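Paired with chain B in one complex and with chain C in the other, chain A is shared by the two complexes that follow.
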Partner chain A sequence: MSQPLLEFDRLRVDFDLPNGTVTAVKDVSFTLRKGETLALVGESGSGKSITSTAVMGLLPELARATGTIRWHGGSGDENLLTVNRKRLRAIRGNEISMIFQEPMTSLNPMHRVGRQIREVLHKHTPLRGNNAYLRVVELLEQVGIPEPKRRIDSYPHELSGGQRQRVMIAMALACEPQLLIADEPTTALDVTVQAQILALLKDLQARYGMAILFITHDLGVVRHLADSVCVMQHGEIVEAGATKALFQAPQHPYTQMLIDANPSGHKAAVPDSAPVLLTAQHIGVRFPITKRLFGPNRYFEAVKNIDLTLRKGQTLGIVGESGSGKTTLGRALLRLVKSHGNIHFDDIDVGQLDRAGMRPLRSRMQVVFQDPFGSLSPRMTVGEIIGEGLRVHQPLLRRAERDDQVIQALEEVALDPAHRHRYPHEFSGGQRQRIAIARALVVKPEFLLLDEPTSALDRSVQMTVIKLLRDLQQRHGLTYLFISHDLAVVRALADEVIVMRQGEIIEQNDTQSLFNAPRETYTRELMRAAFLDSPAA
Partner chain B sequence: MLSYTLKRLLQAIPTLWIVITLSFFLMHLAPGGPFDGERQLPPEIEANLLASYGLDKPVWAQYFTYMGNLLQGDLGPSFKYKDFSVTELVAQGFPVSLELGMWAIGLALLVGIPMGVIAALKRNSTVDYMVMGTALAGVAIPNFVIAPLLALVFGVFLAWLPVGGWNDGHWKNMILPVVALSIQQIAYIARMMRASMIEVLGSHFVRTARAKGLSEIAVIFRHALRPAMLPVISYLGPAIAGIITGSVVIEQIFGIPGIGRYFVQAALNRDYTLVMGTVVFYGALIVLFNLIVDLLYSALDPQIRYDNE
Partner chain C sequence: MIMNNATSAPPVASNSLGREAWRRLRQNSAATASLVLLIIIALACLLGPWLTPWALDEVDWNAFLAPPSIESGHYAGTDANGRDLLTRVFHGGQISLSVALVATLVSLVIGVLYGAIAGYVGGRVDNLMMRFVDIMYSLPFMFMVILLMVVFGRNILLIYAAIGAVEWLDMSRIVRGQVLALKRREFVEAAHALGVSSFKIVTRHLIPNAIGPVIIYVTLTVPKVILLESFLSFLGLGVQEPLTSWGVLISEGKDMMETAPWMLIIPSAFLAITLLCLNFLGDGLRDALDPKTR
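The block that comes next holds the complex of A and B.
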């Protein structure tokens, strides 16, 4: 066994808030050895990110850390919580570097990427001028940026999310650190990009022999990458061990729950005799890219010539990566964005209707959005949010009757109706998504557009929302159009799946056949990247 | 960039047209006329005067005449300053106002930005509360209160500086009006700078900069300052326009021969052409400064490019 590199001994982090002290991390002890990959796993709020930022002395101002974090990477061993600022700055970016969850915002938007990498070299190495330039090019090449000599002069916004994360990695590796802390580095990326970044990290680790402290909520990633795992819950490590042993025989109930939290179950297909609820033909959506004073505008074709049919009681899943047009297609079907083509809902030609004509249909087709934090008005109580649809569609309803229906809707989504006078910020992410579903259900729709309704939620919370959606479908015979980038969730909920890429349908089949025998290379790639090919998933 | 500039200038035409038209008719709605003095003029002389300036015609006809002349760049003669055209008066007063305004804006940036940055770095400390308290007072006290107070203290009691006059822009004459003009702007800029600096210091790329091992000075000057200044830059357009129009009061108090003083006197005298001339000029100025600021903004922020080609 190799030598210890980083040792946590009873790390504790408290936040001194105006209304008392909150303990975010309690008695965390573990050891990371040279060249090893250790994963800190947990759901949001478990304290895993706080633990990792304590290493670099990057804790928020209100935080107070006690205990020790021993670092053996320098000349002697030292406690990172007590070293002086100068020494800490010499460690940061040099002996220990860090990459973050948010590739879109972690780079300075006003500096060219080459300059941002060169800055690390200037700080920690004697490389200057052309030598520094050559090293930056070499680093960009190593992290797989195409045409590094041209890209060195790009601004971050000119790169894709995956490329920005590669630049972050190049910056982190510039001084060949002994430890790389990776805080959810692939969470914000598409699955195929995630797979590329993980492979890159593994490859670079082998080349540089560095240790990796990997913070993630994604057990699929852990299984493929980590040598050992620490599972965190409520600021404490509840279980630790070698990855293989831990996955085979999890001891703690929370670990078991995390491992079992993969969406399971299947939906039976509706018979072909089921009546058709919605048909769409030749649907296309385009957005102007440039508006020019003279000459024609140029357009971006977000959705190209798509046909689909939904039968009553069906769940049609649409999967695809960001930019594939799946959300735009969903919105076009509900006439939330302008499109061309024909849409029929229950034999009504939706395309012929004006705004007022659409209104009675709106109560029959409802939508639940991805972001449970942004899609509920923070200034309205939950009761008002849910009741608003009733005010519009059933204006003659008396207040008491409306209140009854709001209570009923909340009961349907298993929330306490007594909480209807509270505001959205008083609820957790999962509860907010239930509120969003109740808001859609209260007007008794037949068709629900679910746009990534589980993507912002922890796996264990996802499970309960999926179960809820399933129950509601059975109880009310609802028809779903389920949009997601998460193949595991789609597999559990949909009876038919469409795979989209660059605005087009690549593959369409019933769920079983599509997942058992994908025809297209791209579909297979998506499934491999989502770790759906691994036996235990 | 060129096509964007052109587009913005074209868009300014309807804006200016609305401003001009509204002011024209509002001005004629106001009671009184340019030749109503203390002493009643004999009716035949007044009729002659009105006829010679075209004021005997219906208002809409005057409007079309005015617009026609304006399109040819002719702002007309002043009714009160005989022998001067409005263009001459504006050309005389504007350089003075501009000089005053630019010094004031320069001072406001020079003092306001560091104040905001220091407050942000020491946030929720005594320093922060003192800086922000001063700034709040600066916002709250109008400049027509500050100006006479400054003149009283530094001009009368201490007798360090002249209480008024321009003296061809001697620096001693400029200090008090420049300070009086800039105090409110300093306060605004400091408050804005503090808020945006706090936001930027909490951003992900500043965390990245710290994680690279950079010193706090490098983090602030190399990474945080420029993005934090963007809101201040976008405020500069209206601020410059505001400072030049705001100098109406200051110029009056300190007796400075700028364009602002003409504006007030022209309005009181019903000197129609001079009022219109200053309105047109101010309007064009505001449009122009806003455009300059937007172009500057795009030069500072690489994410904003006005042409995709």
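The block that comes next holds the complex of A and C.
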């Protein structure tokens, strides 16, 4: 076994808040060895990110850290919690570097990427001028950016999300650090891009012999990358061990729950005799790219000529990566964006209706959005949010009657009705998503568009929301259009799946056949990247 | 932690945002004190002229440029014409505060609605509405005021109208910017999907969420308006003798700074305290209207 590089000993982080002390990290101890990859796994609020920022001395001001973090990378032992600022600055970026979740925001949009990498070199190495330039090109080449000599002069917005993350990695590698801290580096990326980035990290680790501290909520990623795993819950490490052993025989119930948290179950297909609820023919959506006073406008075709049919009680899953047009298609079906083509809902030609004409139909078709933080107005109480649909569709309802229906809807989604006078920020992500579902349900819809309803949630919370959606479908005979990039969730919920890419349907089949025998290479690629080829132990 | 708050605290009675906000405002001691002080100043300006023994344009032949004293009854001294300063400050306060109030209200109502509609509807309508704002901006303010004077004759109401007509432009731009960002949020789309009418979306969803910057801007508008009025009066386009306003009193006091400092200090103190209170109150209101601050 190689030498230890970073040793945590009873790290504890407290936050002194006006209404008491909150302990974010409790007695965390583990050792990371040279060249090893250790994954800190946990759901939001488990303290995994706080633990990693303590290494870099980047804790928030209110935080108080005790214990020790021993760093053996420099010239002898140091406690990273007590070293002076000057030494800390020398360590940061040079001996330890970090990559973050959001490649969109962690690069400065005003500077060319080459300059941002050079800045690191200037700070920590004697490389200047042409030597620095050559090193930057070399780094960009190593992280797999095509045409590095040209890309060195690109601005961040000219690069794709995956390329930006590669640039971040190049910056982190600029000084050949001994430890790379990766805080959810692939969470914001598409699955196929995620697979590429993970492969890149593995490759670079082998080349540079650096250790990686990998922070993630996604156990699927961990299994393919890490040598050992620490599972965190409520600020404590509940289980630690070698990756293989931990996955084969998880000891702690929380670990078991996380490993089992891949959604299971299937939905039986509806019989062909089930009445058709929604048909769409030749649906196309295009957005103008340029607006010109004279001459033709140029358009971007987000959705191209799509046909689909939904039967009563069916769940149709639409999968695809970002930019595939799946969300736009869903919005077009609800007439939230302009489209061309024919849409019939229960034999009513909705393609021809204007806003006022759509209004009576709105109570029959509802939508739940991805972001439970953005989809609820922060200045309305939960009761007002849920009751709004009733104000529109049953304007004659008296106040008390409306309140009754709001209470019913909250009970339906298993929330305490007494909380209807609170504001959305007082609820957790999963609770907010339940509120959003209650808002859709209260008008008694037949058709529900679910646009990535579980993507912003922790796995364990996802499970409960999926279960809720299943129950509701059975109880009310709802028809779902389920849009997601998460193949595991789609497999569990949908009875028919459409795979979309660049605005077109590239494969469509019933769920079983599609997942067991995908026809298209792209579908297979998606499934491989999502690690679905290795079912959970 | 957030979850605990939502599940363990006892249920509260139904509260409208307004009542909730009022409760939170009262918890903020700086804002409450400011509100009380503002009310006192406003009442003093309204009732004060009857309480002082002097009339607005009454000349005390025994006291020119007399310093403040209790025996003479000129508690704040007199000006170069022997008129009681305190009486004039109260009178001036009536004009200044009412100009501030009216102009701010006008800018608030027109600006917020105009900006919200332009931002929400977007496209060609937005373009036309905002180009109109640009044209209004490009008209020289003084030219507009002089034009109004020529057409309608000299009238204090014209000052209100002229200032109000200019101040709403900034407000509409601020609100439009806010609404442009807000209307892409999913809660607006959810309201749309529920069939909520455009008017309700603007008034229930967009404007309440744009209120923070609006309040900040209002607290900035009030001092601006008071100073603008004194500028107009200084040029002879605003209030005329013997009527007065805080701005006029301060500009008169400025000339007598060395011989009669009270003529500068006393009206300035009234103006400064009022503006300070407005700022505290504005901050308090912004926090009180945001349910995230408890």
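Here, the second predicted complex is superposed on the first by the 533 of 537 C-alpha atoms of A that agree within 3 Å, B and C clash if a C-alpha of one lies under 4 Å from a C-alpha of the other, contacts with A are read in each partner's own complex, and residues count from 1 in each chain.
The criterion applied here is as follows: contacts are C-beta pairs under 8 Å (C-beta built on N, C-alpha and C of every residue); 3 or more make two chains touch, one makes a residue touch a chain.
This is a predicted model, so every value here is computed, not measured.
Taken together in the superposed arrangement on chain A, chain B and chain C clash. When the two structures are aligned on the shared chain, A:Ser377 is found in touch with chain C, with no touch to chain B.
By the touch criterion stated above, A:His157 is placed in contact with chain B alone, chain C being left untouched. By the touch criterion defined above, A:Met168 lies against chain B but remains apart from chain C after alignment on the C-alpha atoms of chain A. Residue contacts after overlaying the shared chain place A:Leu80 against neither chain B nor chain C. With both structures placed on the common chain, the touch criterion links A:Arg89 to chain B but leaves chain C unconnected. Once the two complexes are overlaid on the shared chain, A:Val465 sits clear of chain B and of chain C alike. By the document's definition of touching, neither partner reaches A:Ile505: not chain B, not chain C. In the superposed model, A:Val120 makes contact with chain B only, not with chain C. In the superposition on chain A, contact is made by A:Pro109 with chain B only, not with chain C.
Among chain B and chain C, the chain that touches a larger number of residues in chain A is C. For the contact definition in use here, the chain B contact set and the chain C contact set of chain A share no residue.
Residues 3, 6-7, 203-205, 207-215, 222-223, 226-227, 300-303, 308-309 of chain B touch chain A in their complex. Those residues of chain C whose C-beta lies close enough to touch chain A in the complex are 1-3, 5-7, 11-15, 17, 185-187, 189-198, 204-205, 208-209, 211, 289-292. Within the complex formed with chain B, the residues of chain A that make contact are 56, 58, 89-94, 97-98, 100, 102, 105-111, 119-120, 123-124, 155, 157, 168, 171, 289-290, 292-293.
Taken in their complex, chain A has these residues touching chain C: 22, 331, 334, 336, 355, 358-360, 362-363, 365-367, 369-371, 374-381, 383, 388-389, 392-393, 416, 418-419, 421-423, 425-428, 431, 436, 439, 443.
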